[in-house]
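Chains here go by letter, A, B, C and D, matching the order in which they are written, and residues are numbered from 1 within each.
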Amino acid sequence: MSADLFMVSNALVAIPAIAAVALAVEPAYRRSAVINVCASGATFLFALVLLIVEPENGGYLFVDDLNIVFVVLSTFIGFTTSVYSASYIDHEIETGRLTSTNVRFYHAMYQSLMCAMNLALLASNIGLMWVAVEVATLTTVLMVGIYRTPHALEAAWKYFILGSVGIALALFGTILIYMAAEPVLGQGYDAMVWKTLMSQAPQFNPRMLNVAFVFLMLGYGTKVGLAPMHAWLPDAHAEGPTPISAVLSGLLLNVALYAVLRFKMLLTANAAAITPGPLMIALGLASLIMAAFMLYRRGDIKRLFAYSSIEHMGIIAFAFGMGGPLANFAGLLHMTMHSLTKSAIFFSVGHIAQAKGTQRIADIRGLTQSQPALGWSLVAGVVAIIGLPPLGIFMSEFLAVSSTFARQPLLAIPLVFGLLLAFGALLLRTTGMAFGAPTPDVGEVKASMLPLYAHLSLVLLAGVYLPSHLVTWFQNVARLLG
Amino acid sequence: MNGSGERSIERLGGLIHSMPKTAFLFLGGCVAISALPPLNGFVSEWLVFQAILLSPSLPQWTVKLLVPAVGVALALSATLGAGCYIRAYGVAFLGRPRSEAARTATDPDRWSLGTMAVLLTMCLMAGLLPSLVIDTISPAAKDFVGGRMPTQAELSWLSIAPVAESRSSYNGLLVFVFILFSAYSARWIIHKFGSARSRRAPAWDCGYIETSPMTQYTGSSFAQPIRRTLGVIAFSVKERLDMPAPGDMRPARLSIEIKDRIFDYLYAPLTRAVETCASGLNILSLLTIQEYLALVFGALVFLLVLVAI
Amino acid sequence: MNFLFDLVAQGAQMLLALALAPLLIGFVRKLKARLLHRKGPPIIQPWRDIIRLLRKEVVLAENASWLYRSAPYLIFAMTWVAASLVPTFATGLMFSWAADLIAIIALLGSARFFLALAGMDIGTSFGGIGSSREAMFGSLAEPATIMIVFTVSFVAGTTQLSEIAAYMAGNLELRASVGMALVALLIVAIAENGRVPVDNPATHLELTMVHEAMVLEYSGRYLALIELASALKLLLYISLIACVFFPVGLARHDAGLQAMAIGLGAYVLKLAIGEGLLALFETSRAKMRVFRVPDFLGAGLMLGLLATLLVFVTRSL
Amino acid sequence: MELLTIDIAHMLAGALVLTSFMLLYQDRLSGLINIYTLHAVILSLSVAWQAYYQDAPHLYVTAGIAAIFKALIIPYSLRRIIERLGVHRTVEVVGGVGITMLIGIFLVALSLVVMLPATAAADPLAREDIAFALAIVLLGLLMMVTRRNAVSQIIGFMSLENGLVLAAAGANGMPLVVEISVAFSILIAFIVIGIFLFRIRERFDNVDLFELDRVRGGRS
């Protein structure tokens, strides 16, 4: 029984890897799109299996409460994005922006990204996790540069430089963690495994842990897109193909955040080390306020929502930095809701950009008349993302604010200030785009609205009624986070 | 509105002739909402005033002083409300029709009239029998506010005394009956002893004959005195009169420029502040890769120094 | 038995108020004429005018609506009810607990509401002038009156007019706030009744008139009713000042005929003094420009507010 | 004997930091590549010496990879790229060499202040290694910040990676798996850079980062 369960976690990594190889070989893009969808669908099913049955951990992969949340979320969004990217790529090929070789490269990279992300989430040792995040970054760098326009290249180059510096810092942090663990756990492999690290954490040298956390926070923080290291995110989102920006803001940010959370747990286990909370809160608030102000000046629709991703990652980092069961629960819920809503928004934005032939907000007007389905889905997405009541994001923001009030009332003021700023800016921009006299459309778009409706309905469901077992699941994860 | 198809009251007028039933119901509504005695508006205003009169027993100083100010604000708003309903009813329903649409307006169908009538009778009932209304509402208020008003039912003659009989009491039914009785008795006596004859003739209007409907008071002219007295304080109203030189055939133009102070002194600076911060921070998006790296590098060095200390 | 007695007393008070009001107007005109070395019309002249008007035929404008015809009756009824609730010769009459001071002022407010509407009904510009100015004066006068009501009821502890009169009669101590309330009430009374500084009751000069402009189109019995109503309003204000601020000589409602007679005598005396002062004040003042009146009324409002604050600050001040 | 080995390791690590400083100073592009080759050679020597000291065979493999890739292939292909791009003679305007040097020294001091107390428990050699590694990483980052030419920025990045390899080697007993994957991903990183360099060259003539910056989409 346990043997094949062990297989399940491996399958999560194996399937995308095999699919990547197959897609690299597959010439016809239509068939490769189908393979892509089936592969991500299979991985999602396996993730669901993980949900039901607790596989016994061994080897390089391990599963516990925390990373199941991330795995299920990322495989689901990976699956829906693959469905979306099928129709998106068809349109791109018709309009000639992508050649079929590009598409082959794109699908291969897509599946390798999925494989890397699942590996990062399930990796039992910190080195393997670092490698997986590194591979994920490199694949996304390649995909951002796929269009080969000067802007795309510049964005990819910037993403690469900043990403690599971030990853280098993270590697240095990992080495420092190993150095800290080595005297206690002895040399070799088991000084890197999460379980042993967590159990022996109190004996580590606290000063080493502090320095290590600084590097890890800045390193993986760059991947999460927190304030001082966020520069790559808007350009990467805007210049890359839309499925990639959906995957980027839906998944990759969460994977990096997962890494940060793991190391935060390590830090909190060791009492002598500094508490990681204040650093995360500072970075979270900085990115929230900075992104909120930047929203007012954005002219490009994808950059607008990229900054909104930075803002929401700021809120999530703030919530996790705040600590305590309620704040952690809020952070987890907010992360799930944000990934679902943001990828839904990027789905509609992708089709809108294709329909209008431009990404400049000034040239996109009257969407609800010219493209009613897309227009209203964008409005629904934005209503969700700015946190209006019936939807899930309001629930999580409300919990975050109330938990902040409970523990540090003074911090609640900048938090709410940032939320209001972002609310105003996004509403301002969206009303401009969605209503008014419609601008001419460039081409007809066969929009696949299924994934978008799926995401938004999940967010609405979470907003209206949180299923009880989901709540208990998140709660014990929140307790785990400490 | 759907009777006449017009929205702006400046083009209505004289609807009382073309839409008599709506006029009557609208009048009832205006009387109720301007808190005039026989109807329900007055009962609630009266209870609020009684509450204000209890304020000396409040312990906190600021609230004690604040409450009379609120009282005068309420009184001012009640009378201004009455003034604006006089204006609305007078300009729209009374006087002579100012446009074809007003002249040919017709009463709406039975159903809408019916609903208006039902609502008006409810207002009248609440005005006349306030004790019933208070008894039904106060349990709801109890768990909201904690205390509850003494039950009014057993008070004699259906009057209401929120605190105590000796302190103050009000009997809507009696006042209404009193008014009706004296109005009809006066009418009966006059018709009996004086004359009941009446005759139609063109309006006297101090000798002006056949003035056009345009000379009637419009909404803005009706509001001009109040605008001059209170408007200056509230809204910084500026009136500019552009009188043509003698012999110049240009019509004189009176233009009024009303600026809302709160908008100028609260919202405008707020938006300016957000805009400046936004453009200030915008340079962050225009940096070169080097400068972004410098940012990360700075953060790293700063944190390392922090940890080192 | 005393129920019947109370009913008779209340009825007597109502009829007394009705009877005295026009005489009051006549008396004021007589006094003003005397002060200007003129003989002046007899005191009962206003009654003669009213009876003459009642008999005359009413001339209605073409577009006069049902509101125009029913307004005078409503205005007269409301003012008459308000006047009869103010204790004249005795306090605590049968209907006095039906409405307190705030209700009386609100009744006057609704009378003003219907008068303004009636003014605008014919659709002449003069009606508009009268109603808009009346609305402006009303919007300043009524808050001032509310402030006076607050001061008086804070001092007396109740808003029931007869209780206030009884309290004032009982412990007459000189208070700054009550004094200010009296001055404010005088200002408001002058403005409400359209006496000289605010509006000249004698002339029909279009530009100056406020009250007259609204009733310009009325004739015959309607005009009589409106004249009677404005007379009643004047009587109401003077008896209000008398009963609240100079309650000497007021009889209890169950104090028997003899006390009631003394009360009546005192009441008539107070009316006369009041009218004398009013006549003196009017002859000595010229009429204010219409847009100076808000400052005049504003002063009344400020006094009222100050009085309320003073009452609040120290119970004793 | 014990002391000598520590001294040699110490000397090699110090030499590496010195070469990082030289990288900072050098403004000629081709000269930069030569210094980088020297940097790589010293790195492989120190990793080999670590291997000998910790007698961990896998470090020899890493030293070999470092030597072959970093000391030979990368400089050779970089030099070829530069000739193809015709940029080999450009003299880069390095803003304020004096200031950069001062900051460099501050960074080395900072890394020592930070790392030495933190690694109190570890043995002396490992402590020095990790401190110097941090210094090299910070210097690499400093170089990337001060340089405007894309090639010099990449060389800055490579020196940063060398620091990481030194740190990894220094942490004795780090499992081989991680070593290989570390080297592996850095290589991929380099290949990607190469592709970018070509592409960048394809699109516009020189590789000056400032040029790149002018066309960026974020202006709007």
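Operating definition for what follows: a contact is a pair of C-beta atoms (placed from the backbone, for glycine too) under 8 Å apart; a residue touches a chain by one contact, two chains touch by 3 or more.
Here the structure is a predicted model, which is why all the values come from computation and not from measurement.
*Asks:* Which chains sit in contact with both members of the pair chain B and chain C?
*Replies:* For chain B paired with chain C, there are no chains in contact with each.
*Asks:* Most contacts: which chain pair?
*Replies:* B-C
*Asks:* Hey, which chain ends up farthest from chain A, C-alpha centres compared?
*Replies:* C
*Asks:* Could you grab the centroid distance between chain A and chain D? Build each centroid from C-alpha atoms only and quote it in angstrom.
*Replies:* That gives a centre separation of 31 Å.
*Asks:* Mind checking the centre-to-centre distance between chain B and chain D? Centres are C-alpha means, answer in whole Å.
*Replies:* Computed from C-alpha means, the inter-chain centre distance equals 76 Å.
*Asks:* Calculate how many whole Å lie between the centre of chain A and the centre of chain B, each centre taken as the average of the chain's C-alpha atoms.
*Replies:* 52
*Asks:* So which bits of chain D are touching at least two other chains?
*Replies:* Residues 114, 141, 144, 153, 212-213, 218 of chain D each touch two or more of the other chains.
*Asks:* Residues of chain A that touch two or more other chains: which are they?
*Replies:* 157-158, 161, 165, 169, 207, 210-211, 234, 303 - these are the residues of chain A that touch more than one other chain.
*Asks:* Do you know which chain B residues sit against two or more other chains?
*Replies:* 285, 289, 293, 296, 300, 304, 307
*Asks:* Could you tell me which shape the graph of touching chains takes: line, ring, star, complete or other?
*Replies:* Drawn as a graph, the chains match no named shape, so other.
*Asks:* Who touches whom among the chains?
*Replies:* Going through each pair of chains, those in contact are A-B, A-D, B-C, B-D.
*Asks:* Can you name the residues of chain B that touch chain C in the complex?
*Replies:* Against chain C, chain B makes touches at 13-14, 16-17, 20, 23, 27, 31, 34-38, 42, 45-46, 49-50, 52-53, 56, 64-65, 68-69, 71-72, 75-76, 78-80, 82-83, 86-87, 89-91, 94-96, 157, 159, 165-171, 174-175, 178-180, 182-184, 186-187, 190, 193-195, 197-206, 208, 211, 213, 215-217, 221-226, 228-230.
*Asks:* Enumerate the contact residues on chain B facing chain A in the complex.
*Replies:* 274-275, 277-282, 284-285, 287, 289, 292-293, 295-296, 298-300, 303-304, 306-307
*Asks:* Residue numbers of chain A touching chain B in their complex, please.
*Replies:* 157-158, 161-162, 165-166, 169, 207, 210-211, 214-215, 217-218, 222, 228-229, 231-232, 234, 274, 279, 290, 293-297, 303, 421, 424
*Asks:* Within their complex, state which residues of chain D touch chain B.
*Replies:* Spelled out, the residues of chain D in touch with chain B are 107, 110-111, 113-114, 138, 141-142, 144-148, 153, 209-210, 212-213, 218-219.
*Asks:* Residue numbers of chain D touching chain A in their complex, please.
*Replies:* Against chain A, chain D makes touches at 114-115, 117-122, 126, 130, 133-134, 137, 141, 144, 150, 153, 157, 160-161, 163-164, 167-168, 171-175, 177-178, 181-182, 184-185, 188-189, 192-193, 196, 199-200, 203-204, 212-213, 215-218, 220.
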